[in-house]
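The structures come next, written out as structure tokens.
Look for chain A in each of the two complexes below; its partner is chain B in the first and chain C in the second.
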Partner chain A sequence: MEALKELLFKMADDSLVIGHRMGEWTGIAPMMEEDLAFSSIAQDKLGHANTLYDMLHELGEADADTLGFLRSANEFRNCQFVELPIGDYDFSLVRHFLFDNAEFIRYKHLANSSHEPLAKFARKVIGEVRYHVMHGNAWMKKLGNSHTAEGLERMQQQLNFAFPYALGVFEHSPSENEIKDQGYFVGEDTVKEEWMNTIKSVIAETKLTLPENAEPVTGGRKHEHTEHLSTMLEEMSVTLRLDPSVEW
Partner chain B sequence: MNFTKEDILKILEEVVDPEIPTVSLVDLGVITNIETKDDFVKITMTPTFSGCPAMDYMKQDVIDTLDRYGVENKEVEITFDEPWSSNKITEKGLEGLKKHGLALPQKYISPEEINYIQYATCPHCDGDNTELRSPFGPTLCRAFHFCNDCNMMFEQFKAL
Partner chain C sequence: MKIDSLDPRVSRLKISADNSDFRPLANLDDLTTYQVFVRLKDKRPLLHVGIVHGPDLEIAFMHAKEQYSRRLTCTELWVVPTAQVICSDYAFVGESVYELEYSAADLDNIELPGVDLSNVSSFEIFHQSKRGVQQKHVGSVEATSLSGAFLKAKEAFANLPKAPAVSIWLSPSNAFRKSTEDEKEIWNMLDEKRYRDAIVYKVKHKIDAYKEKVRSNA
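Right after this comes the complex of A and B.
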């Protein structure tokens, strides 16, 4: 049961944090279509977080709002990748591309999870994440084939910077073996392998190159975070913390 | 008072999508099951998109409408047991979407096809010379297209 909770927590926290980050583009994205895309994907992610927190609530944890808004940073199990600030659009796009391809593969495997509510939810979510991946891949190919040297250089720099963090998505949870043994999830190594193939095939259609010998930036699954997470959580929950008893 | 499944279905046809009032929830395909036993009614619903902010509103609307018809002993549950897909929209539902000015979702057999189908028929001029501008629109369930025949943007209820 603790292993299952660990799996649900890391996924829910990933979704909440990336959802909040993507939502920060609302109103300021470089063009209207991207404003809509980032805002819509953000909304999907928050929906995923909500459902996953609900699942945890069913297993005896606090309700979704409490889990999402009232925990401190050192209780979160998201990977560090998702908590980094949005930076410029090039970074946010590269992150979205790398992260969502992993999500898509993750949910495809979770469709066979032994935890039935998770399997049902995964079957639903695959369709939504398919659109996220289509979007991320399309823009990666577009900007990764930029006709200007500056454009290409920026994309390459962001890819170099983001890639070690992206590898950290697949950091093992403390209960990784039990998660696999219980059939909750196929495990991070399998997802990582398939993800590498996908990422390679998309990057091969661009003028970019994947950094070699990148060392994963880990820690998130063990509650270790950058200072950006606490700042974000503070901002996210400032209104609620003023008076948690208020009905909205 | 006892209600049959048919009675409940008829009542629920009155509950419409809060953003597309020309389509009932039944025709949209989000009512996935109706069970009746004596005077007890259990309704199962499922969201179009899991982050759909209208879901709670729809659920309340179902409860309020059943109240109005005197269905007192009831339970409305939201589950992912039978996930929604745009293929579940009925013929009447598709007509309703069109009436609301939306292009229709493409029918698909394997979801993999969604990666490739990028066309939609323009709801303004019925032209097929259209292109997908953004798979994300003003709500989670809509995409933006442009029609090269009548030079108009239009929204599509997207395939999922």
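Right after this comes the complex of A and C.
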């Protein structure tokens, strides 16, 4: 049971944090159509977090709002990658591309999870995640083939910066073996291997190169976070914390 | 934490609240427009729904998906560069667009930017049944030139049982980004996004209750 909760928590926390980060572009994305698309993807992510927290509630945890808004940063199990500030749009797009390809593979495998509510959920939302990946890949191919030196340089720099964090997505959580043994999930190593193949094949269609010998930035799955997470959580819950008993 | 403004430009982009540090951007020269067609349900025709901007066809498709298929239902999406859609003139009310006299030479002199006609083997045909309504996809015809496509369309579609078309659009089939059978699943969750529709927010009973309260206090 603890292993299952661990899996659900890391996925829910990833979705909530990336959803909030992507939502920070609402109103200020570089073009209106992109504003709408990025915001919709953010909304999907928040919806996924909500469903996963509901699943945890069914297993005896607090309700979704409490889990999402009222825990402190050191209780979160998201990878550090998702909590980094949005930066310029180049970074946000590179993160979207790297992170969502991992999500897509994760959900494809989760469709066979032994925890039936999770399997059902994965089968239901796979189409949403598919669109997220189509969107991320399309931009990566476009900007990764930029006609200007500045454009290419910026994308390459963001890829170099983001890649070690992206490898941290696959950090094992303490119960990794049990998660696999119980059939909840195929495990991070399998996802990482398939993810590398996908990322390589998309990058091969651009003028960019993947950094070599990158060391994963880990810690998130063990509750270790950058200072950015607590700042974000504070902003996210500022209204609710004024009076948590208010009915919305 | 202090929130200076609810305008995201002020709080997130750190722009002064009086907009004094706004500067006009240089003109962008790399964006163009694309026409979008949506099939709401299987067996219904594709309908023209509007325009999106994009830096290329693939990204225009991604934008169109969120802009034009975020409500109701959708099973198929087509996107085509605006410059590659050829629009006829309007026929008078009650007359058919196919009675307009176009010479083959005039049609074949029309420029289709970015199209290599040697790669074109068919055209998609759209009809407008009267002014002001959406263009509707009626089918495709095999042709390698615009004049050939117009002739073939006349043979195939001039005598449809519906009222005569008042205008038609023609566009090379291979100019479109069409969603694939495989990609249909991107719309699977649309049914659960009803919160995007104003109609699901039922407030009339609250307004009625409030009016009743005001009335009984009067």
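Annotations for the structure displayed:
Assume the second predicted complex is superposed on the first by the 248 of 248 C-alpha atoms of A that agree within 3 Å, B and C clash if a C-alpha of one lies under 4 Å from a C-alpha of the other, contacts with A are read in each partner's own complex, and residues count from 1 in each chain.
Rule of thumb we're sticking to: a residue touches a chain if its C-beta (ideal position, glycine included) is under 8 Å from a C-beta of that chain, and two chains touch if they have at least 3 such contacts.
All values reported here derive from a predicted model rather than from experimental measurement.
Overlaying the two complexes via chain A brings chain B and chain C into a clash. Judged by the touch definition given at the top, the superposed model places A:103 against neither chain B nor chain C. Residue contacts after overlaying the shared chain place A:28 against chain C, while chain B stays out of touching range. By the touch criterion defined above, A:120 reaches chain B but does not reach chain C.
Looking at the shared chain after the overlay, A:40 reaches both chain B and chain C. When both complexes are overlaid on chain A, the residue A:130 reaches chain B and chain C alike.
In the superposition on chain A, A:90 makes contact with neither chain B nor chain C. Using the contact criterion defined above for the overlaid structures, shared-chain residue A:50 touches chain B, although it does not reach chain C.
Of the two partner chains, chain C is the only one touched by A:142; chain B is not. Applying the stated contact rule after C-alpha superposition, one finds that A:14 touches neither chain B nor chain C. With the complexes overlaid on chain A C-alpha atoms, the stretch of chain C that clashes with chain B is 57-65, out of 3-11, 57-65 or 147-155. Under the contact criterion defined above, the residues of chain A that touch both chain B in one complex and chain C in the other are 33, 36-37, 40, 44, 124-128, 130-131, 134-135.
Considering their complex, residues 33, 36-37, 39-41, 43-48, 50-51, 117, 120-121, 123-128, 130-131, 134-135 of chain A touch chain B. Remark: chain A residues 24, 26-28, 31-34, 36-37, 40, 44, 124-128, 130-131, 134-135, 138-139, 141-142, 234-235, 238 touch chain C in the complex. Against chain A, the residues of chain C that register as touching in their complex are 1, 3, 7-9, 12-13, 31, 52-56, 58-59, 61-63, 65-67, 70, 183-189. By the touch rule above, chain B contacts chain A in their complex via residues 46-47, 49-53, 79-81, 83-85, 111, 114-115, 133-138, 140, 144, 158, 160.
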